[in-house]
Amino acid sequence: MEDMNVEKEKQKEGTASANTGSQSDPRLIAFVCNWCTYNGADLAGTSRMKYSDNVRVIKLPCTGRIDPLFIVEAFKKGAKGVLVSGCHPGDCHYTSGNYHSRRKYATFRDLLGYLGVDLNRVEFSWISASEGNKWVAVINEFTDKIKSLPDKTTDIFTKK
Amino acid sequence: MSRIGVFVCWCGSNIASTVDVEKVREEAAKIPGVVSAVDYKYMCSDPGQNSLRNVIKEKNLTGVVLAACSPHMHENTFRKAAVKEGLNPYFVEIANIREQVSWVHEDKERATAKAVDLMKMMVEKVKRDKPIEDVRVPLNKKALVIGGGISGIQAALDIANGGVEVILVEKEPSIGGRMIQLDETFPTLDCSSCIMTPKMVEANQHPNIKLYTYSEIEDVSGYIGNFKVKIKKKARSVVEKDCTGCGECWNACPMHKNVKSEFNLNLSERTAIYVPFPQAVPLVPVLDRSVCLHFKKGGKCQKCFDACGPKCIDFSMQDEIIEETVGAIVAATGYDLMETSMYGEYGYGKYKDVVSGLQFERLLSASGPTEGVIKRPSDGKTPQTIVFVQCVGSRDPEKGVPYCSKVCCMYTAKHAKLFAHKVHGSQSYVFYIDIRSTSKGYEEFVRGTMEQDGAVYLRGRVSKIYEDNGKLIVKGADTLSGNQVEIAADMVVLATGVIPKKGSDKLAQMLGISYDKYGFLTESHPKLRPAESSTAGIYLAGMAQGPRDIPESVVSGSAAASKILGLFSKSEYEVEGTISSVNEATCVACFYCQRVCAYNAITRKEIKDRSGNVVKVVASVNPGLCTGCGACVNACFSKSIDVKGFMDDQIYAEIKSLAV
Amino acid sequence: MKTVLNEQSRRNFVAQVESMLHDKLSKCYQCGKCSAGCPVNFEMDYTPNQIIKMTELGMEDTVLNSKTIWLCVSCNTCSTRCPKGFEVTGIMDVLREIAERKGITSKTEKEVQMFHEVFLENVKSHGRIFELELVGKYKLKTKHLFRDMFLAPKMLEKGKLKMHGETISNLNQIAKIFKDFE
Amino acid sequence: MKLAYYPGCSLKGTSFEYEVSLLKILEAMDIEVKEIPDWNCCGASAAHSINHNLSIALPARNLAIAEKDGFESVLAPCAACSNRLKNADYELKRDDILKKKITNSLEMPYDSQMSINNMLEFLIGVVGKDKIKSMVKKPLTGLKAASYYGCLLVRPPKVMQFDDPENPVTMDELVSLTGAEPVDYSYKTECCGAINSLSKPDVVMALTGKVLYDAKNHGADVVVVACPLCHSNLDVRQKEIERKYEEKIGLPVLFITELLGLSFGITPKDLAIDGHMVAADRVLKKIEELSK
């Protein structure tokens, strides 16, 4: 019990300025589509589910709008992890935007790796408007995963 | 220079209990360009909206950020309020600090920090907002209906009765489609001709309907409100306006054998110059040049020409291309029945007395090849025992299609019923897997076939049909009693499955609308937009969308018509302004954007000099078709396309604002 | 099992059953609720709904020789709950009666059949049931001499089994009924 | 009203306790019934199983005699008898051809005006709750009694026209009148298999066992019946069932008339309760203790 309090205190100390972007309190950016995942996140809210507060959401019309360079830019600006999430395959509001996004990322991965981004720090998921619980799970798991990665600033955006 | 106002909403305690709203307001005030930062208990309330309007007016704001609930809740509310003060509605941005902050986090300090971040992001975004005007597309108030079956006719009549001009195009020599081939219709047993023929005549005579039969769509371009359509009117060899439909020509035609009647599904013969059936609309024959002796034997035979009183036979007639501009299109291309050649075990084609359900309709029909007396094709005798086999091709992923054809349960019950009515003392057996009878009066109809008309239903598929001593031996199963059953029948009727009309996929490609893996046209939304195709201005009706019965086809025809009448009730079509636009100066005309566009919204545009020489080709966005998804933006190599409301510089600014 | 449907004999059999049943076989839509609630389903060779279907298909031999018709305890659960109001219990009576008339002896359930026969003989000879005689004759006929015999002494002691039966006075009338309807 | 009484064979034999107790409580309530003269067996389960016409003709004779003797109402305490009498009446009403054949054979007319009552209908409908309530001298407070209706009283409902076939309550109401507590359990109307009692004892024990164990598991001290065939299975075969399923039951099975008799203060001996195979001693002792 005491230990936990100590832990909590520590956490608070570390976040005096809230989200220093350090490895222990990483800044995460989520690029989500307006129709499925943004609504899924809203549903988590209306259902009063609780999840990690490290994430910042950037809303786009569709995952098909996500330029891979947005991901690069996010890491450049100090994000420790980037999440891309849209409608499930076949459910895209714009018929096929999420397929474009998926295909683009498949080819873009290698380039990210070449740039020195640990590919564990980028995640793709499909979260529908009815999956508030999935949004919560994905955010929490992703945050934990990023926190567990080796704390080397060189991991991100530095050519090895 | 931006003059931004930030409004932080408490939402009572919904936000204020977890987010330090005053802190958010203080942080907002520090941002360069923010000239006003206030917090208020309920921004969405009337006083809240009034304060928003007052500040816009007093501080002459160029942009507004509301740190409040989800944009999906009140974005429109605040945009409307802003518009009242003369602000472009797209200069209002929402930072979602309720659904995505106060309701999902507990640590007030950290939640406040996140709320500040989201507010800052939106301030950066709104600084870069450009005014967006909704797009208005002019409408050509004329509709094209493709397909002259019941759903197409219904759509055409409804549109025409709404006072709008309609062009109705039918591939076959007569309108009427599949329905006019049917005998009586379930569950009321009213005769198909009796209820269909008046509609056909009405369509033909309607002042607002222009009818093209024996015609096909050659090309479609354009977009909602402005479709350019090319219709190929095939050479009929008969001058329509002069023909009286007297029949002298086909009576004179020497080719009265060996040519099978398509309308009667090969159960009878027709002449080279013919009308498919006596009630055809228009009652004008077509000369089938592939079998006509005049064309096969170098012009010697001209018996029809000689017989024709008004001299309207024209052997030299050519195909004609007609161009029309329409504002909306209905695709009602209908269906075909599955070929059963892959069912060798059922002997269709091998045994004359194994017929399809549609053939049996013709045998039942008073205007059919047997004048409504049920005679089996092999020897013309009236069958005493008929076995009906359901789900032939349907629900058979191995050989046929996995889906249910929906109408077979009902028409088989109808067949068995009419057989019992017409042949006294006869017996029918029906092999089925499930009985699907879900509309009004349907279940009672099927039960009546069993309980009043004595049809014996056996739950199971048929494995094989073979001939033995003049009888068709049907080997089936009755899974309910667990028995293999063998029945000696005089005739077998196969309820063949429904597939999309041949060539409807090509038409769909021409129209730029999507279709599923079977070829059925797909709805814009399977539940909420069932009458719309994926492309604005193109609507769907009838079996082209998937198996359905007559009432449903009529409903879908009317639904498409009402959508079009609704569309045409305004002078212009309005499109949300958040669409893509091309920077023609930098576009290199690679057209990668065109490839990713799911809406065919990108077209080639030629830029000409004063003397009319093409100096440059660029991509151009059709505002009538663009939905603003932004896929093209990412496909562009030269960064020449951007999507309004979500422009590159805005998103980069948002990311930058989150820098740590 | 393989069945070759003979249309004429199917129709004859269906007509016979339906006239005795005062109900139509085609009413049954095979939902299986009868079989679902049947308390003796576990012992049957065909479920009640199968019996109905096979009767409709004219599978006379199969249904008349089935165990099911003799195992049915006439509890009427099936008929009571039948959504189509079909006489499920009734069809069992009808099929038993047809089997009896045809002289078909159930191979596996002959005890049931014999009990009914012995019972009616008992009624025929006394007008009422003389239980000791009924049991005795049944046991002789089925050769199950010792089954349930352990119950007898105590039942005798309790007075449940009477040593003498009652015979009604107007036995002639009973004889006439049997003559007219047997 | 002249009340005819059709005892049926069981009440003169294996279920004599039923008749003894019935006549005792009728006497206590001062109600007179008259046995149908020269009645014959209704044919019960056997006749309808193999000879439909006989199954109508046999009970029809009893009804015709009763009618001829001027009765309007008949009490058939045996559930099987009342079931067959009602069935015969039903068939004669709907099948004119059969009716003609049968009345010809009997050489007696039958007008189909007879009201046929099973035991429960008789007690609630003819005697009346108030009368019964007024007779209760020794309320059986604290006794838990599971009413077992079986099949024949309630099914088929269109013929029996008695209570709710899926959830009958008439006997439970009578149980409540005695002061005892009705037990709610799941096998109230499940079949005990009586028709095949002698010919398929294994099946019958399986069915009867379920009823007894379920009643016991729901806390019953005693099972109450209104059918001699049910009684035979539940009582006479109970020991055997215990042996077969290796679990003690020990539930006395009383006729509803016996339960009423006890509450009227009639001695168990006068009600012939000692005629049952499963001794009711413990329950009787409990009743004695509770009444103190």
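Chains here go by letter, A, B, C and D, matching the order in which they are written, and residues are numbered from 1 within each.
In this text, contacts are C-beta pairs under 8 Å (C-beta built on N, C-alpha and C of every residue); 3 or more make two chains touch, one makes a residue touch a chain.
As the structure is a prediction and not an experimental result, all values here were calculated from the model.
Two chain pairs are in question, B-C and A-B; the one with more C-beta pairs in contact is A-B.
Comparing the centres of all chains, each the average of its CA atoms, the largest separation from chain C belongs to A. Rounded to a whole number, the gap between the C-alpha centres of chain B and chain C is 61 angstrom.
In this assembly, the C-alpha centroid of chain A lies 76 Å from the C-alpha centroid of chain D. Separating the CA-averaged centres of chain A and chain B is a span of 38 Å. Among all residues of chain C, none touch two or more other chains. Shown here, the protein chains touch in a chain-like sequence that does not close on itself. Every pair of chains meeting the touch criterion is listed here: A-B, B-C, C-D.
Chain A meets chain B in the complex at residues 12, 15, 17-21, 27, 29, 38-39, 41-42, 44-46, 48-51, 53, 56-62, 64-68, 70, 73-74, 77-79, 93-97, 100, 104, 136. Contact residues on chain C toward chain B in their complex (touch as defined above): 1-5, 7, 11, 24, 26-27, 29-30, 46, 49-50, 53-54, 56-57, 59.
On chain C, the positions that touch chain D within their shared complex are 20, 22, 39-40, 43, 71, 73-77, 79-80, 89, 93-94, 96-97, 100, 109, 111-117, 119-120, 122-123, 126-129, 131, 135, 138, 142, 147-148, 151, 154-155, 158-162, 166, 168-170, 173-174, 176-178, 180-182. Across the complex, chain B meets chain C through its residues 385, 427, 429, 447, 450-451, 454, 456, 458-459, 478, 480-488. For chain D in complex with chain C, the residues that touch the partner chain are 9-10, 12-16, 38-41, 43-54, 57-58, 61, 94-95, 101, 105-107, 151, 154-157, 165-166, 190-191, 193-196, 198-201, 203, 207, 236, 240, 274-277.
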